[in-house]
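Each of the next two complexes has chain A plus one other chain: chain B in the first, chain C in the second.
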Partner chain A sequence: MVERQSPLTPIFRPAVHSNDVGSISITLSEVTPLSIVEAACWPGLNERLTAAIQEVTGLSVDTTPNAGVVGRGTAAFSIGPDRYLVSGEEDLSARLARVLSEETGTVTDLSHGRTTFRVSGTRAEWVLSKLFAIDFSPAVFPVGEGRATAHHDIFAQIQRSDAAQFDLYVFRSFARAFWNTLCTAAEEVGYEVIEA
Partner chain B sequence: MTARRTSSGGLIERSRTIGFTFDGRSYTGHSGDTLASALVANGVTLVGRSFKYHRPRGIFTASVDEPNALVTILKDGVREPNIPATQIELFEGLEAESQNRFPSLEFDLGALNQLAGRLFSAGFYYKTFMGPVIGPLRGTRFWMICEHFIRRAAGLGRAGYKPDPARYERMNAFCDVLIVGAGPAGLMAAEAAMSSGKRVILAEQEPHLGGSARWSGEMIGGKAAADWSQDLARRIDASENVRILTRTTAWGYYDGNNIAALERVTDHLADAPKGAPRHRNWAIRADTVVLATGAFERPIVFPGNDRPGVMLAGATERYAREFGVLPGEKIALFTNNDSAYRAAAALRQFGATIMAIIDVRAKISPAARALAEEAGVEPLLGFAVTATVGRRLTKVLVRRFDAETERLSGDARPIEADCLAVSGGWSPAIHLASQAGRNPKWDEELCAFLPPEPTQAWAGAGAFTGAVTTAEALSTGRNAGLKAAGKKLSRAKLPEVTAPNLDIHPASVFEIKGNGKAFVDFQHDVTVEDVRLAHREGFVSVEHLKRYTTLGMATDQGKTSNVPGLAIMADARGLPIRDVGTTRFRPPFSPVSIGALAAEKYGHFKPDRLTPMHDWHVEHGARMMNVGLWHRPMIYGQPGETVEQAYTREAATVRRSVGIVDVSTLGKIAVKGPDAAVFLDRVYTNQFSTLPINKARYGLMLRKDGIALDDGTTWRLGEHDFLMTTTTANAGRVMQHLEYVLDVVWPDLKVHLTSVTDQWAGAALAGPNARKVLETCVAGSAVDNEALPFMGLVYGEIDRAPVLVCRLSFSGELAYEVYCGAGHGKHVWEALITAGEPHGIAPYGMEALGALRIEKGHVTGAEIDGRTTARDLYLDWMLSKKKPFIGSALMDRPGLIEKTRLRLVGVISLDGRPLGGGAHIVESGDLNELGESIGHITAFCYSPALAQYIGLALVKGGKELHGKRAYISDPLRKHFGPVQIVSHHFFDPEGKRMHG
Partner chain C sequence: MLIPCPHCGPREVSEFSYQGDATRTCPELTSTDVKAWYDYVYNRPNPAGPHREYWQHSGGCRAHLIVTRDTRTHEIHDVAFARAALNRAGEQA
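Moving on, here comes the complex of A and B:
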């Protein structure tokens, strides 16, 4: 199959953008996985849905709001009641659809429709706090958990994928605008754009 | 006045000299100075002209409450007016200008306004609206003449015209405890809260923590208060769970304990560091707030009280102790409480001569008497200042005064003074509390309003609560911090405070009555007489008083004037002040830059939304246009082509051979689940449960009131799997509508909705040769009429990319929509272009798309405009009679089916001129007797197929007018001309071409 093109193609430039004192506090990258899938279930069947996600990805996701978990090359997190965003290798959508019966829920492939940016580094919380009105502190937003939120009319689903690392899923059509916003917000602390 | 820098003392860095200019003249100051302290140090005491009367004004305070010394800052080519000099930190190269004067601060022509003082009394603006009757000039006419001059004269500083190059940001923060104010109370609260491990934010509007401890001259914990505060500030700063925000003013207290705070990040720097914003607007969500905002000193109102050289007593003390500046050499003090005595002693200690302490009270505390002795002066008890003398203050006149009866007696006695320090008592800074609480409470002892009962989770500390001594600040601060952190109160010993035991409860004297202008509100030139005039004219409520006189308005929001103004109104009404009440404080506490509110939205208000083929369009010369957030090609113009020529060529290519248009922007919603078909039957007017798999159907949705909502095709991909398309403009609205009915009306339906607009790239291939193009590039499926009939869909590949091809037409031609994963969009688009080259394929933009659909009479958002019904658009054939659907219950209301409704027609221009969108249609050809409008044009174009200017319109009667002549009346575009009303199906009404 033909390779998927990134919405950032003409503007993505790996480079160092240090701040006035020459420091770099965060790195920015595009890490869109091969598969991004929305898996949803009918009310009351959340445990069956998380079991299906575990069967396919090996990830054990909790059924509580905002729950999420990050694995090797795969991740899942709650994006609303009875809904999870699951990412991973190719064919994830088909594999999930095979184990998730219609009686339990539905699977929708969003692999082309979402773009994933990774913000990591000591000032990641600071930079993202400029853009989103949510609490990024680890006590409130621990590793693995997800949030569905918005910035500047741009809908975003965010997962804390490590202690100082966040993965942001945005609609592909907004990706370039959001990337520019992200870079602008990061200028103050210094940032490096890296290849995934 | 001989203001000067003292030879030693203060918290400034005397070793660092900083150059700046004021009104073009060069001066120097030191690191740690404000513009105000540096000007005073340089003997500059005239800094501005007043709003109405252009009276000379000097620096009056040392903080955010400054009403007079508003200046314009020139930085990076931008003028920013109305900044209090007391709030500007000195930096190398600072350029400041005085304002509201012409031609110069010393000689201002506007000062002539003082001669017409009575004309500008309270309510003059409103009286001018009504106007006197002078010959033909009456009422509005008089106002219209005056308006020009009033508008020119109104306002304070003058803003520039250049765009602001500075950058602004918004910042979101969450904490357990927010402490506003970092004086002794705030610092103690922070220390108490942080020790409990809570997340604490400490916001302080000044550059340094410490507040009054920096200039009180008191001892705390055996150290100078300034040192104690710095030590504590360092300890707090070292704590990981405290974020300290200096130069940050909490300006608004909103519901849910949301506090807005403005951080001035780079105003104090000559050059902003890369990426640093000038201002950062914090939105702080706090579980609990501690308000430790201190208190403002009030003036006493007396004739001549605005003369340069008159200053608040606390400010004079602060200038001396913090900045090492004396505001005068011969200083007199005028007070109704003890606090001015401490200032007198400090000023004497720094080298000034205290000429007199004039006190309206007959008795003072022993501590005050001791301080008077330190100041080297015997206080004049039972005296009041009745006048001031000099262009800049040279002397004051005092008379005997009885504080009980407020009567003056005896002869006026002159006292030489180049500075008069005034203290009329202290008012707690309850602004934020007033925004998040009930009505403030009047305290008879303090003669001030105390904080109200909270309506949100906040506690007060320090002078804010009326507890004005430093010892009380420490105890209330610690208690508030512990309480906010959910901890028990501590019995541990507090740091000992060594301070004079002053009685700061003032005598209840707010005004000394006498001859001459006595100002209540310096910034808006509101005099005592204005307040009394408002009373005489019936504006006695505090709300009316504020609006009629402008008392308490403008940038300082009456921080020095509110209480004296209310006291004078209470006196006029013969009521106690508590019965007169006060206005509620509103945000912002102090001015907030518009840039900070706009934050990152500077320069653009909405994000750009791009299709996967965006770069191809730009590279191939498309002129882009905004359609909602989307950027879409308008035309692909060739050199020398007009827009009309370009879209005519593009549309003609479609009719003649084949064209391609990017339709990725269409809204796309995945509708999945066992009840998906049932759901669609309910939301669409027509039936979808009967739609076979791999077929598409055109659908229409109504709102529940029977008005058309949106149209589009929905494709059945599986038994329980549909792909709905919506118009570009209505995608969000339709999604909201569907989610609402699913969540609220039919929660029992097993249906999931997901926006997949961005999942798919879409290209519409239209024209007689469209099939030939697909035949050469689609693999994995046939695309002939049998395999892919009208409204059929097939799966295949184009140049190794999976595609979904649906045969449907918006242009009226043989046409297909090719969908692929958005990441393959550009790749598939280029493959289609390559495949179409032998047929002369042309990309076409929105203009050609519009022309093609107008020729066909297909409706879009211009016709589905939130007012039209299915019948209005002749889409009643889509209204199923076999099932109910959203809107079916109300679509036949009498008002929606009456004959006079505006209904869809086509119009042809008969004068060969283009029609105009929104132009009215009238039946009369007589320009002088046009009659009523019978409708309007919704869309228009030059039709290459018909070689005429045509349009769609909504007119009364619709079809019944076919064949009739009417006229368009378009005065905005200066077009009046004949049109023919015809069927909206201009071209190929039988649809032979798209079924071919």
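Moving on, here comes the complex of A and C:
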């Protein structure tokens, strides 16, 4: 497989960027997994699709809208009706394709087309709320769940991977611009860029 | 204006793309009825009140929707996945 390079390479600088009172409330990192796959099924076959995802990743994803699960080194969440974004090890796409027949659905390998950012810390909800017009409070966006939304024309699929942690999957070609936007949004609360 | 997407929940209108009037029906593709084609392509009632429209949640789950919106108040009366209605129409054809 062609070796991937991060689109952030020219601008990624692990460093502390404290705010004007010297505090840091969030950390930003790039956590692009080895594989990012969109698994979709034909209408009415959602349970067969989630069974296939469970067989390959061990993650038991619900068929309800926005559902998702975070596992060890793997994650899956709903990004639309009958569609899930699944991340994990390098052979994920091939393994899913073996399990998911054409009669059930399709598997699309997006590993080279997406970049994943992690925003974590006490003010993560606050910073992301500046960018996206969705509710990030844990009552309506619990751990594991996913949302498909957009910041202006930059499409983002977001999963809450921990109580104060969000993973954002954006198009690779927009990743560098979006990273700059994210850093600007985080200046108010102070942020640290860390190596994953 | 918020549109309550059946998959994502209420989202602001900037996430959606308007896809046109959902009240018109396409004539038979082999039809040579000029009036029917003229009505399908150009004639719009432009009602002041509830209107059935296609929208796509292009900045979200990407589903195509049929939305009934009041053109005077932007109140949304009803939202459903378009594919359900289109599949029903296909079965009837």
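Some notes on this structure:
In the analysis below, the second predicted complex is superposed on the first by the 194 of 196 C-alpha atoms of A that agree within 3 Å, B and C clash if a C-alpha of one lies under 4 Å from a C-alpha of the other, contacts with A are read in each partner's own complex, and residues count from 1 in each chain.
The rule we apply is simple: contacts are C-beta pairs under 8 Å (C-beta built on N, C-alpha and C of every residue); 3 or more make two chains touch, one makes a residue touch a chain.
All of these numbers come straight from a predicted model, not from anything done at the bench.
In the superposed model, A:F166 makes contact with neither chain B nor chain C.
Contacts of A:P65 after superposition: chain C is touched, whereas chain B is not reached. By the touch criterion stated above, A:F77 is placed in contact with neither chain B nor chain C.
Of the two partner chains, both chain B and chain C are touched by A:I134. In the superposition on chain A, contact is made by A:P10 with chain B only, not with chain C. In the superposition on chain A, contact is made by A:A150 with chain C only, not with chain B. Put chain B and chain C next to each other and count what each touches on chain A; the higher total goes to B. Comparing the two interfaces of chain A, the one with chain B and the one with chain C have residues 133-134, 153 in common.
Remark: chain B residues 169-174, 199, 273-277, 283, 285, 600-601, 606-612, 615, 629-630, 664, 670, 672-674, 720, 750, 752, 754-761, 799-802, 821-827 touch chain A in the complex.
Taken in their complex, chain A has these residues touching chain C: 43, 65-66, 78-81, 83, 133-134, 147-150, 153, 155. Across the interface of their complex, chain B is touched by residues 1-2, 4-7, 9-10, 19-21, 38, 40, 42, 102-103, 105-106, 108-114, 129-135, 137, 140, 152-154, 171-174, 176-178, 181, 184-190 of chain A. The residues of chain C lying in touch with chain A in their complex are 6-9, 11-12, 14-15, 59-63, 81, 83, 87.
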